[in-house]
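Both complexes below contain subunit A, partnered by subunit B and then by subunit C.
Right after this comes the complex of A and B.
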């Protein structure tokens, strides 16, 4: 492997890790403010929690399917890291695949397998309930999510992420969020969904004792929680080239704009997670299939017509 | 390099396929089948059909996870948490498996495959006209259904219509159960609460 590629992989993963830590720190600070303790002191909480989990024993339930559970806990952060291969975090993506949008979708769907394996593997009813909740939620968010992704691809006439970002930077072209606001909102919703964050955190919900994560401790818990923040960060980072113009912006270099926009979207997602009440998956399924799915299809139709007429 | 990857995937796909019948848990069997499908998707990537290969992985992960839930649900042990036997109807299964293998192997061996590079394959294909050989996915799509696009679209619609029809026929609750005999009841009487004001 040549060293340029190696450095871009390391650089991309470090940026992703820093952003994910920032998301966890912001979340901890918001929780601290809600409970009246010092928000600044809470910024180091994710680090302390990481250290605590690293030295803790992992817990094993009787009759657990350890093989599946271990694969699942490892697969979640791995899926997030692999999805980031096609997302520019800085100047360029690590590997700008010609089918980058499909790659991102495939990697983010690996979370289905990961969370289900973790929940099943711990041989606990809470774990299994959480695992099945995540699949139900996945069925709800995935179809509108796919239409949102494909709408951005139709707008640029390419599945390559850098092409989609480049089209929005051309003179006379607006950011895709202007042409396809519904697709952008649906994408943000589904980013919350696949990271089971905020209103969609039922799979690891408190009322089922932590759900899929109920029996996890030590390194297993650390991997699952880290994977969740990494997925949320990857979702925020992907929204920038798809809808927010990629590196387009005045004065600053493209890489700085991408980081700024990613951080802003991530902050909004974390904020939503603390401000919006839980949405149960059976309710969201009806909303998703009866409202969001027709909405995204109409959005795709509108964008296709714009492209044919030559308005974008 | 490509040969090595192909060999790893070929052996891996067969091994994972065997594992489906060797493990004693429905969850492991389903995930072994998923692993087998993913091993089978990588050679599609090796052919340069990156869109199709990644799509196969995407669809297989989604459908096998849904299947895992249904398999666990339909098995006769509660929640599928007890070990179980993964084989039944052994003799007939062997016969069917052997017949299908012979059929597919014969197809693979006796089909007159186009030889050479992607360019050669496209120009020698059954479709005509100058096409971008840089996009093997397009070339494959045109080769598979170029002259039959209308037929394929109609079949697609028919398949979708039959899926909807099967769901409608198999659900035990219709609109009269939901909205009452005069279809006037609002909100609908649903066993699971929905999200749209119900």
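Right after this comes the complex of A and C.
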């Protein structure tokens, strides 16, 4: 392997990791403020939690399918790392595939398998309920999510993530968020969904004793929690080349703009998670299929017409 | 100092709190300590490194505590908090034990590795839905396979027996609900309550006593303050169940501030954080919350023979907004409309809640079951205190 590629992989993963830690720290600080304790002191909490989990005994329930559950916990952070291969974090993506959008979608769908395997494999009622909740959630967000992704690809006439970002930087072109606001909002919703964050965190909900994560301890729990923040970060990072003009912006270099925009979207996602109560899938599926799905189809239709007429 | 000890010193404890009937005061003190120390409560034994028992109960409570303790992975420690004043010292001692590597290692020496556990643990499964397996296959963990039964559509489906409580976070202390689930829909629900210690003093009800005292001694605002604190306690539990932990943290802090205000009336006005008002209004107005829980657990006034207490009438949203109003009376006395004071004894509403619960829960899915229980929030303690001293008025 040539060393430039190696360094770009290391660099990309480090940036992703730092952003994910920042998201966890921001969430911890917001929680501390809500509890009336020091927000600054809470910034180190994710690190302290990592230390705690590293030395904890793994927990095994009788009859657990340990192999399945452990593949699941490992798969979650892996899916996030793989998805970020096609996302430019800094100047270039690690591997700018010609089907980058499809690759991102496929990696994000791995989260379905991962969470379900964890919940089922732990042989606990709470885990089972949490795992199946995540499948229901996937059914609700995935189709609108796919239409949102494809709308951006249609707008640029390419599935390559760097092409999509580049089109938005051309003179006479606006950021895609202007042409396709509905697709952008649906994409953010589904980023919350596949990272089971905020209003969509019921698969590991408090009221089912932690759901899919109920029986996890030690390194297993660490991987699941880390995977969750990495996925959220990957979602935020992907929204920048798709809808927010990639590296386009005045004064600063493109890499800096990408990082700034990613951090801003990530902060908004974390904030939403604290300010909006959970949405029960039983009720959300209706909205998702009857409102969001037609909305994203109409959005894709509108963008297709724009492209044909030559407006974008 | 080796690496393990260093990492051990870095971790922030995740306590798992179980409350015995009659020890609400201890629970409140422990929860306040946990909040002020910046710890977060564990949701399941697997995530916990500290088992905190608020008071001691009867045989059943002891058995539950023992089974939860078995499930805590190492490193772990346990502490029993006998009274509210001891909370701080007990938690200090527990943290010290959790940092003491040698002590922790000694504790785990005798621990059997992967011991067969009693699966009837509160909040864990005593049975398992599963694949259709041949009986000659080896069963996972030696556990019995799920029974089947007819569901409401006449299909034969696996039945999952799930016990909710008494060791479950954001759950009314002392309540046990035994559910038979098919899929995640409750087919049957059995209700029972934990008894207090047989040799201990009779159970006293924290909230009912406090309200009773306030009604006798102070001006009317004092009763409102105590009522608001009780409402905040129920509301924070509900918000956690409804999946809004941020709002729950705010309301939990508000509860502690209201209780402090009730104890020292002079310090009352400055004790309350102004952000609490904004959050409380946000909770009362949240469309997402209403949309998510509306229509669940509907109770009409005539649903019971001796009438449903007015505090319980309506659906989940109606009951929750009543708590929000109870708190708003104290926080925003001017802007809140004058209301008719609804006085229902906590014991009477707990009794009514336990009577209607089995009917309300059947046919609901698990999330709805938890929301309905949280919105009724029966005060088991008040019920038991009332039963122990039937002639005494319990406010």
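General observations
Convention: the second predicted complex is superposed on the first by the 312 of 312 C-alpha atoms of A that agree within 3 Å, B and C clash if a C-alpha of one lies under 4 Å from a C-alpha of the other, contacts with A are read in each partner's own complex, and residues count from 1 in each chain.
By definition in this document, contacts are C-beta pairs under 8 Å (C-beta built on N, C-alpha and C of every residue); 3 or more make two chains touch, one makes a residue touch a chain.
Computed from a predicted model, the values in this text were never measured in an experiment.
With both structures placed on the common chain, the touch criterion links A:219 to neither subunit B nor subunit C. In the superposition on chain A, contact of A:63 is made with both subunit B and subunit C.
Using the contact criterion defined above for the overlaid structures, shared-chain residue A:307 touches neither subunit B nor subunit C, since it reaches no partner.
Among subunit B and subunit C, the chain that touches a larger number of residues in subunit A is C.
By the touch criterion defined above, A:297 reaches neither subunit B nor subunit C. Of the two partner chains, subunit B and subunit C are each touched by A:123. Judged by the touch definition given at the top, the superposed model places A:275 against subunit C, while subunit B stays out of reach. Within the superposed three-chain model, A:43 lies out of touch with both subunit B and subunit C [touch as defined at top].
In the overlay built on the shared chain, the residue A:283 is in contact with subunit B and with subunit C.
Applying the stated contact rule after C-alpha superposition, one finds that A:210 touches subunit C and leaves subunit B untouched.
The interface of subunit A with subunit B overlaps its interface with subunit C at residues 63, 65, 123, 125, 128, 132, 279, 282-283.
Note for the complex: subunit C touches subunit A at residues 4, 7-8, 10-12, 14, 35-38, 40, 43-44, 46-47, 49, 71, 73-75, 114, 116-117, 119, 123-125, 128-129, 139-143, 160, 162, 168-170, 184, 239-247, 249-250, 252-253, 273, 286, 288-289, 291-293, 365-367, 370-371, 374.
Across the complex, subunit B meets subunit A through its residues 25, 27-28, 31, 34, 50-51, 54-55, 57-58, 61-62, 64-66, 68-69, 79, 81, 192-196, 198.
Only residues 30-32, 34-38, 41-42, 45, 47-49, 51-52, 54-65, 123-126, 128-129, 132, 199, 201-202, 205-210, 213-218, 221, 274-280, 282-283 of subunit A touch subunit C when the two sit together in their complex.
Those residues of subunit A that touch subunit B in the shared complex are 63, 65, 67-68, 97-99, 102-103, 105-106, 109-110, 112-113, 116-117, 120-121, 123, 125, 128, 132, 135, 138-139, 142, 159, 279, 282-287, 290-291.
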